[in-house]
Every structure is written in structure tokens, then in C-alpha cells.
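First chain A sits with chain B, and in the next complex the same chain sits with chain C.
The block that comes next holds the complex of A and B.
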């Protein structure tokens, strides 16, 4: 499996307390554990099972994912922040790997 | 048109009597009712108060866009009744993030997707939508 690549899209600047859109995606096959490879062998389940977003260290949204989530999981949500700060995104793999991305968000 | 807050409240009020009968008398083969009961702890789910925004028909079952909104919810769970496993995702909303999210999901074939919201007062709300897919996404 290629190394999963996380991506996050944020507005360049935001206003305090005004909701903005956060778009997130990570490249990952999300093997369901139901499919077979070309040799007929069952491909074991391997998915991103949890996604956590923190703002200045406080968890603001988390998602538990099942195999029914599409490959390259795409999650979009709204957020409003009171001040500038750091957004940390973490994707947790069935194999224990954690893929992370940090972004600075600036309040005008 | 998206339902207004008033529409949602009215739907909730008129549905509340009917909702005392467990939702969905027909047994799905993948255990979706047991999965929803596991999420709610067996609590009744009132219909309404959750908006599930999904296409009625979609060509690619491998990535069906689903948007859920439930004003006043602290958690929203998505379920399906036609995949091998009924769970899809559970969103837990904290401060700063309103209870709304969009995700892309796999549907093995045409089936019904359920959104169940746990409200801040500990009650549960539910809605569902049938989605027809032309190419299944789990094969």
C-alpha cells in the first residue's frame, strides 16, 4: 500500500465565530475485508477507523469509520473558531499507524 | 428545499405518537436494527429532527455523498441496511463544530441509509432515505 497522503482544505483567513468549511481527505484503499484479490485470496480488512480534529489541543470533532466509508475517505464539516490557532488532524489506521497533518488558522 | 426549523419541529410533533412503535418492522438481513439499538441503548427514536441529504439515485455506489445535519445533536450515526455490515460512521461533535457533516460512503446496492442523532438532552432522533445505486460499491 502506498503511504497514505492526508490533505486538508481551509479558507485562507476566517472571521472569529463565523463558521467556515473544512474539507479533509486521505488516500487509503479502505480494504473492507469482504473482497478477494486476483488470486482469489481474501484481502484482510484494513481501514482508517478513526479521524480526530483538535483545535489548540481540544478535540472538536471525531469520527469512527466503518468499512462502508469510501476509499480515500472524504469528510467535510463546519467550524467556527474564537481566535487564531492550530488545527491538528489525525487519521488512525487499523494497523496502528497514525497519519497527521497540522494547519494554522488565522483569524482576521 | 431544505426543511425549515419550524417544519422539522412540526414533523417531530406529528411523528411522536407514531414513533412509539419501533421504527422499521421489517427485519433487514444485515442486523441494522440491532446496530441502531446498540448505538441508542435501545431508546426510542423520534422521527424527524435529523436531515439526511443524499441523492435518491446515484451511479457510483463506491462513493455516495451523504450530508447529515441535526441541530442540537452531540453525536450522529449513519447506518445502512444493504451492506454486509450495518455501520457506516459515527460523528461526535465538540465545541466549535456544529452538528453537520458530509462524508462519502459505499453502498453495495440500492438500499436505505439511516441517520440517528443523539441530542444534547440524551434523546434520539432518526430519519432515513432510500438510495438507488446503478453500480454497487462493495464488490
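The block that comes next holds the complex of A and C.
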């Protein structure tokens, strides 16, 4: 499997308290554990099972993902922040790997 | 059959032109008007799927009653369609190359290997880079595409060896294939995909499939990155399904959601900058935004879109009834910019030109198109439609598209159908 590649898109600057949209995606095959490969062998389950977003160290979004979620999970949400700070994104893999990305958000 | 070169007999039809136009045409000429006086003259600029087909059909069906000259700089023409299959290793390079010899020998077409560099619409003459000029009663322009300067910041034609487009087939296609084969293990191939409208809507994504096919065998840990300004693309569901089946985990597409519409490139360092974030890659295939081939703009038949509006029934330019524009360069309505479309439009145009010049029968036009794409070995898909001419545009009447989940037998049959089509269309252009 190629190394999963996370991406996040959010505005460069926002107004305090005004909601804005955050888009996230990670490349990941999201093996359900029920599919067979071309030789007929079962492909073991391996999915991103949890997605967590923190703002200045405080968890603001936490999502449990299930095997029904398709490959390259895309998660979009809205949030508002009171001040400038750091958004930390984490995707947690069944194999224990954690893929993370950090983005600075500026309040005008 | 005419045996002239491009410079002789230039004014043989000047007596048909208006007095003012004739004066202009004659002033540049010295060659005597001797052969075949009275035969209407057609000049076709561009020897691809539009131009070669139009020249061949006008000459063949008029049985010598129309004098046809084809202006095309290349002596060997490499088809853009099927050039992805060469990249994927499914075709030999020589198998997509064609020459113009049969058009001259079998149909008496005067093939001039030169660039058309000016069009004098009043005098009805085409100036050639080599210095001569060609007078016409009807001019057919089928110049394909050129790239819009500045559409991908950091890239221009001087960088096309560092970052090939390979979107006009030939040496660029060979260069891109060589670069892909030379990628380090685990390297990154990046494509900067074009915005609409562009030549061959499924073409970039068939190319991704073919690159993935090569890498899967020779370089299985390599990755493919598509930076795409478009929300959606042709046959997207079919391609994405196929990529998942054949090349899982290899291909990532970054659309406008994640900055695919804000891209610049740094050819010196082989970096691609997406929404301000630079990524080092090993091969960068930049397919810039496109417009009609330059000669259409020189003729003054393009509008602010960069393409040439045409009358759907005849493919005549809306700016000049003596000029027809075919194929990728034409702004015609619903047909995609494909070799099949250009070939279909060329036959309608040829019928209209013969009707206008020698009074032969003209029937209501019918157009059709099919675009086949190969996703993996024996995994072919297609999309196509029929079209009619309305006053406003060439309008789609009905269409079809392959479906996900089709049997392997059907996909193989679809691929084999495309091989038959390739043989047929290249015969229709060059035999």
C-alpha cells in the first residue's frame, strides 16, 4: 500500500466566531475485510477507524469510521474559532499508524 | 490529376474573385495560370482527422472536378488518439504514424509540407512560411489546438522537454514515455490536467491509466498525482472504478476542493506547487489550457473564447462563409474535441464544399462520435453520441456510455472495437 497522503483545505484567514468550512481527505484503500484479491484470498480489514481534530490542543471534532466508508475518506465540517491558533488533524489506522497534519488559522 | 507544387498556378482562379480581391491576389504572383483553368480550388490547412478527411473526401467524391491542396508541416503524422496506448506499451510508435503519400497518389491531392502563416480573406489566399501563397475559393481550417500562454504559471513551451505536454503526438509522446520509464523506484509522476474545453476529454485520464499500467509492472511503489482544476471529468466513474481495481492506492487526484485549480510549476527543480504547497516530483506532465490552432486566430475567425464559431450545417465559419473550420478548433456545440468528431465534421464539410463549388447533392448533416479509452489490459470503455445540426449548434440527440460492473468479455470486446475503429479512421484519413 502506498503511504496514505492527508490533505486539508481551509480558509487562510477567518473572522472570529463566524463559521467556515473545513475539507479533509486522506488516500487510503479502506479494506473492509470482506473483499477477496485476484487470487481469491481474503484481504484483511485495514481502515482509518478514527479521525480527530484539535484546536489549540482541545478536541473539537472526533469521528469513528466503519468499514462501510469508501476508499480515500473525505470528511467536511464547519467550525468557528474565537482566536488565531493551530488546527491539528489526525487519522488513526487499524495498524496503529497515525497520519497527521497541522494547519495555522488566522483570525482577522 | 494535378501535379503542381504550392507556388505555381496561384492565380488560376483569380478571374472568379472580385476585381478588388483579384488585384490583391495577383500583385504577389508571377506564376502563369496554365493548368486546369476553371476548376474550383480548395485549400485545406491541417492534415489531421479533420483536414486529411476533408481533403480526401472533397478530392475523391468530386472525381477531379475540385482542385485540392493540403497544407501540413509534418511529413509523418502521429495520431494523438492511441498515443496513450503507445505510452502504455500496447502499441508500437510506428503503428500510430502515417504519411500523406496515398492522398497524393490516389486522389491527386496537392500535399504541401509547409506552415500556413497568414490568411488574406479579401484576396482569398493563404501565405506559407516557405514564402509562397495559395489562392482558394474555399478554405478549410483544421489546425487542432495550441496552448494558452500563462495558463500554468511557471510553464511555457521552452519548458516542454523538462515538463512534457505530450498532447500533440510525436516526439513529445516518446519523451514522456522515456521519462516515465526512467523514474526512480517509488517516484512520483504528476499530471497537471487542463481546464475545459480541451482536446479529447477522456484523454488525460486514459493516460493516467496507461502510466499506472506501466508503473504497476516496472515500478509498483511509484505514485501518480493528478492536479486537476475541474470538479468532474469524462467517464469519471468508469476510470475511478478501474483505477481501484487495477491500481489500488497508486493514484491520487487533487481537484479544486484541495487546490487543484491553484497550481504552478517549477521546471528547474521539478516541483509542483498546489495552493502554495510545493511537492517534488520525478515526471511532470503539464497539459495546459487550450485554444484553436494559431492559424484560426490569424484568419480572424476565432472569438473571445479562443475557438472558431461555425454554422452547424456546413461547418462554415460564422465570420467568413468562404472558410470552414473543423475539429478541435471549431466552436460548434455539443461534440467533444476528438478525432472521431473531426472526421465526422469533415465529411459534412466536404459535402457542403462540393455542393457550393460544383453543385453536387447536399443531404441533411448527421454527426456521430465515440471516445474509447483503455483502463488496463483488455479493459476498454467507451462513451458516444449522435448529433444533428440546429440553427444554434451541433446538438446531441442521444448517447451511450459503458457501465461499471460490465463483464470482462464485454470490456475486451469494447477494446477490440476500438482497434477496428483505429484502422477504419486512419484509412478514412490517409488511404
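The criterion applied here is as follows: the second predicted complex is superposed on the first by the 108 of 108 C-alpha atoms of A that agree within 3 Å, B and C clash if a C-alpha of one lies under 4 Å from a C-alpha of the other, contacts with A are read in each partner's own complex, and residues count from 1 in each chain.
Here, contacts are C-beta pairs under 8 Å (C-beta built on N, C-alpha and C of every residue); 3 or more make two chains touch, one makes a residue touch a chain.
If you're wondering where the values come from, they're calculated on a predicted model, not measured in any experiment.
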- When the two structures are laid over each other on chain A, do chain B and chain C clash or fit? fit
- Partner with the higher number of touched chain A residues, chain C or chain B: B
- After lining up the shared chain so the two structures overlap, which partner does A:5 touch, if you call chain B first and chain C second: first, second, both or neither? second
- Query: When the shared chain A is used to line up the two structures, what angle, as a multiple of 10 degrees, is there at the CA centre of chain A toward chain B and chain C?
  - Reply: 100
- Task: Based on the superposed arrangement, let me know which partner A:71 touches: chain B (first), chain C (second), both, or neither?
- Result: both
- In the superposed arrangement, which partner chain does A:58 touch: chain B (first), chain C (second), both, or neither? first
- Message: So in the superposed three-chain picture, is A:32 touching just chain B, just chain C, both, or none of them (first/second/both/neither)?
- Response: first
- With the two complexes overlaid on chain A, what is the closest approach of chain B to chain C, counting only CA atoms, in Å? 7
- Query: Which parts of chain A are in contact with chain B and also with chain C?
  - Reply: 71
- So in the complex, which bits of chain A are touching chain B? 19, 32, 34-35, 53, 55, 58-71, 73-82
- Considering the complex alone, what residue numbers of chain C touch chain A? 221, 223, 244, 248-250, 252, 254, 257-259, 275
- Message: Please output the residues of chain A touching chain C within their complex, sorted ascending.
- Response: 1-2, 5, 7, 9, 23, 25, 27, 29, 71-72
- Message: List the residues on chain B that touch chain A in their complex, please.
- Response: 62-64, 80, 83-85, 87-98, 100-107, 137-139
